[in-house]
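The data blocks that follow each hold one structure.
Both complexes shown next keep subunit A, but they swap its partner, so subunit B is in the first and subunit C is in the second.
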Partner chain A sequence: MALDGSLERLRREGRIVVVGASLAGLRAAETLREEGFTGTLTMIGDEPYEPYDRPPLSKQVLLGRVPADHTALPRRRAIEAQWRLGAAATGLDLSAKRVALADGTSVEYDRLLIATGVRSRPWPNELEAGLDGVFVLRTRDDATRLRHRLKAGPSRVLVIGAGFTGSEIASVCRERDLPVTVAERGPTPLSGALGSVIGDVAAQLHHQHGVDLRCGVMVTGLEGDGVGRLRRAHFSDGGTVDAEVAVVALGATRNTEWLAGSGLAAGPRGIACDAGCRAFDVRGIVADDVFVAGDVARSPHPLFGYRFLSLEHWGNAVAQAEVAAHNMICRGEERRPHLWTPYFWSAQFGVNIKSVGVPNMADQIIVSQGSLGEHRFTAAYGYQGRVIAAVTFDQAKWLEFYQRQIEQAAPFPPPFATVDRRTEGMRPVPAGFPDPSVPTHGPQVTVSGYSPTDQRVTFTPAGHGHHA
Partner chain B sequence: MRVVVDLNRCQGYAQCAFLAPDVFAMHGEEALLYDGEPDGTRRLDVLRAEAACPVKAITVEGAGAAWTAAGAGVSNGP
Partner chain C sequence: MTSVALLGQILDYANRADPYPLYAELRRTPVVRDESGPYLVSTYWEIHSLLHDPRVSSDIRNLAPEAKTAPRTEDPDLPPSFIRLDPPDHDRLRRLIMRTYGPPHAPRRVYGLRGEISGIVSGLIDRFQGRDRIDLVDDFSYPFPVTVICRLLGVPQEDEQRFHGWADTVATAIEPAVGTPEEQQAHWQAIREAHHQLAEYLSGLIAQRRRAPREDMISALATDRGADESPMSLPEMLSNLTLLLIAGHETTVNLITNGMLTLLRHPDTLKQLRADPDLVIPLVEELLRFEPPVQLLPERTTLDDIEIAGTTIPQGASLWLVPASGNRDPRRFPEPDRFLPDRPDNQHFGFGSGIHNCIGSPLARLEAQAALAELVRRLDNPRLVEDPPPYRHNAVLRGPRHLPIAFDGLSR
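Then we have the complex of A and B:
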């Protein structure tokens, strides 16, 4: 009764602070209000802009079709928040329940949501990174600068790293008819995320569109001219390429520095939290009043061996924010797990690439519909005899089917009836990930129910031999 | 006005591109590009696109009842 009273007070007049005013922060704030929180809501964000959407930055914005500031996120409802924009959080005092800001002020909370996301990993050599013409792409300002430079028609653009962002940038450059070289350390583009079987198809797309793609090489140095402008890049194979623009697309690091010494389990790999989005402290105990959502979070997923997944995906940020917000203001037994099956998309070289599940956990892959050669297909990924992921190139309609397969722990390879007979991929082949996972014999876990409110996890323990 | 499309949900059916071609455009077979802040004069067409999307992937600010009711007279921006 006493507990219920304090929860009611929290919901009515408590103080909730959200650090990170982007996609996850905004969707969490809306959910808090939607679920009846009427207390004080403070949104702290170090960027000067109200929450905006990032995926368009490497697509329609860079293409020049839409201005960079045409990306503010629509509000699903009024959130009546106190906005502290342009103010970075610099510290967290867990016992005093207080967030310190860069301007010397601080904000107290009853519940805290951390949604500080990630930032682009910069070029490691600072002097070289400072050359005029060297860019990263994460923020609206990054996009404005890079777009401006692309518009000026550089003699050549070098993209360092052929993950999703790098590949999308290369695609934009070709569409703008700019010469572009892509340097990738792995055997193919996208090999870290999708494996080299699908990566080979991505490489064909690069070649077909006139990208000078160089795989298996590293950029070892960026060289400037006398006035500090980028002129040339040097490769590990001894080669060089002359370029006026280089975009560093080497992935991201988590924005957790401000939590150093706070006692939370926060580091370069993110902030660990439980499936209910509560942050772990350094002892591995969950904090009851600190929650995490979005790109900065690392949380265990029952469907994927309880592995801690770090997902830098738009859909994850939205779904996790909604779960975190719900759990922040409800009774213990009403808490929900974040059971969202990972989804993401990418648009490059005119192809719609989509994925469900966790491809890079897979050991095998089979092309189940369409054809790799036509760049239009569905590929299912298997892990220890069950379907763990699927990727489509221009066949998005198949993804939902595979989402159910993943959630039901359906056998891999999929039964003959669901596999297209014409394809080259009748037999499963190794998926081609750099670091194949070590086999374990864990429990069987399935997820049932479609909506977050009635989703259930079923846990079937492994055989006795496992426990011996 | 503000628009966002949940492209995980979008299946590239192109109804939106048909109804508001200056706001939504297909890029290749099924990838969708769109303007997240089209001019207010396009509102009617954008709302039509939102309503026509078979997978309800389009969110338009102010289209839902919650916004209209709760948002009236309240400062909702920084």
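Then we have the complex of A and C:
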């Protein structure tokens, strides 16, 4: 069967625009070329840099082992793109098939990929956020600035929020022998992502490494010294801490504002798309020429009841970008679904943490191998009698097995004998996730219901929220 | 229940030179019970899955006595080495060894041996001067890795010859004993004797290094007090050092010998490598897929029933995984029987996978890369004298016993 004429023309001389020049955008561009797209490829990015890798920013870069500008992503192949870096996309006209840029120009497309990702949620009080010494960590420039300040040896660093990024920053501070206080509104570090059973282990790691960890408190204010430098933070329990540096690690906000009014189903939860990465419009109908990939996407996952998941995971960005790129230039019957099983890792306090599945959908947890007390274990998460996720602390080699358990909807608790099963592995316990209606610093997996447009979700803008 | 009678044929010496057709036959049933008892697993994804399955035990004590058929290489008077243990004991020992061997605590241990390795390679090849024929095994592959292990562990050069002797004898335990009962008795006696002498020698060296530590790995093992768990006891150290010696020795000998044999059978690839020495890096990976030094992983045990590929392997079964067959599985590797030195996506089982993944792999890679690149560069017009060459008896650690190579001269 011959290729449809217009598809053939698209592949040969079409115009593809990728908005977002980070991991997902780059891998998509490479896949497009790999699969034979020879037309015009435009890469639009708000940062002035070619695609770079973010995971090292909160680890090797802050430690001073790798300069921030040595994090460029390795290239799989040449992509021969027209780069529009440093010019953020500001608007989308679906009917004219045109993306507007901050520099006043616009770019027309035949196919569009949206991979604008997320940005760190800023400190809600703008005046306080502007104090010298208050940082966020998302970009290469953020990392350069923070690293410079850590190197100067501040008297104390305050980390606001003990999710993965916050915990990694605290770990780096301790490795640099800097006094550090961590403030977390949840009962433990990582409780939003992994629940408080595992969060208790994370808290032990903080304590063991000399972190001043304060859980169940909010930072109510940041105080300057009169010349605009951070001096002190105030807590909801009435306490204070003197710190020269505060790192705001309150999770991320999806970069969708530029799509307001475009007609796409884009909002604070991300951009809804089908499993084939095609964007939904506000009517809940998929667009044929607009695709989504990476942190900004939310798509239904068959393994998790077709619920819409938003995943801020490195591996998801790669896998989804590859699927999106393939589907952008193939015939309808050749489209592939994005069936990636959520997977992420973190390195903190000398421990390698990995997770597979969607832990925060779980109701129960069991330590199936190893021991929480030894900080080396594999824990399986259960939801309504089936395995839904697993996490390992320094036992990553078992994760693939549990991934298959998740993919096969295997029963929970796991009914079989394994190596290294201890007494604590005999009975499941509640996993200890916070009430999902309470906003936290933002877990890296968000389960956001069944509807593409998801009108039921009400978002509390950070500025009016709990931290101010 | 289907069963096959293939394990006997695989172990049969008559099939040593080319076991691959047998593996292909085996793959027709990915998981199958051999009539001799064990379950054989021969396809890539099934092997991969079982290597990562916590219901599979490597602890020999979980195996029914009648299922223990593979030859024993370990000193019966020492505790089991970590390769024969499950978590958490396995993990503790492996961690303690890694603290002295690899990152993050000892990131330069292997990398720092590069200079020594190329020096040893050059020295061995220099000795070919004036000859037009060598036995690659006796003249190169055999003496090379054990010398490297001596340098790694910190065995003084003046003791290396004695160390070689024990290593040779201890390594013969992986071969089935042959001959009259008296001869077999003498064979096992000699191995036991070598074990004892090796243990005694290592104990002395450990004590010495404890008093006056040097930069070597034995010093690091003997003096490591930094871990948050109990340090290795002396018997544990002896057991695991012996393992490193045997496992790091035989396998590397075979990797290098199989490598030259494969290159001599593919003269175009050999020419390519000579013109582009960097090709050796992917080439060694392909070699690990194509002719892996460890062909079979015998005697793992199921702790529970495991359903896989339409078969239920019952609890307590003896499991023999066949990574050399998985490496040739057409469902995983296109054109699996072709040797393609720059094969992409080459996640072979040459070093296993999962928690027992070969700890020596970074060292083995360096050794094989250095050896093959240099042999190919310096041997002028090398060619096989006989094909196939004579093989060792062992079906698990498979490789030629001799590899006579003729050549016209030696480059500098």
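We adopt the following convention: the second predicted complex is superposed on the first by the 427 of 468 C-alpha atoms of A that agree within 3 Å, B and C clash if a C-alpha of one lies under 4 Å from a C-alpha of the other, contacts with A are read in each partner's own complex, and residues count from 1 in each chain.
Operating definition for what follows: a contact is a pair of C-beta atoms (placed from the backbone, for glycine too) under 8 Å apart; a residue touches a chain by one contact, two chains touch by 3 or more.
Just so it is clear, the model here is predicted, and its values are computed rather than measured.
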(request) Could you figure out whether subunit B or subunit C reaches more residues of subunit A? (result) B
(request) Check the residue A:398 against both partner chains and state whether it touches subunit B (first), subunit C (second), both, or neither. (result) second
(message) For A:369, using the defined touch cut-off, is the partner it touches subunit B, subunit C, both, or neither? Pick first, second, both or neither.
(response) second
(request) Using the superposition on chain A described above, determine whether A:74 touches subunit B (first), subunit C (second), both, or neither. (result) first
(request) Once the two structures are superposed, pull the subunit A residues common to the subunit B and subunit C interfaces. (result) 376, 397
(request) Over in the complex, which subunit B residues touch subunit A? Could you list them? (result) 2-4, 6-8, 10-12, 25, 27-37, 59-62, 64, 66-67, 70-71, 74-78
(message) Looking at the complex, which residues from subunit A come into contact with subunit C?
(response) 368-371, 374, 376, 378, 395, 397-398, 400-401, 404, 416-420
(request) Over in the complex, which subunit C residues touch subunit A? Could you list them? (result) 49, 52-57, 59, 86-88, 91, 303-305, 315, 354-355, 357
(message) Which residues of subunit A touch subunit B once you look at their complex with the stated criterion?
(response) 33-34, 43, 50, 53, 55-56, 59-60, 63, 65-66, 69-80, 83, 85, 314-315, 318, 343-345, 347, 349-352, 354, 376, 394, 396-397
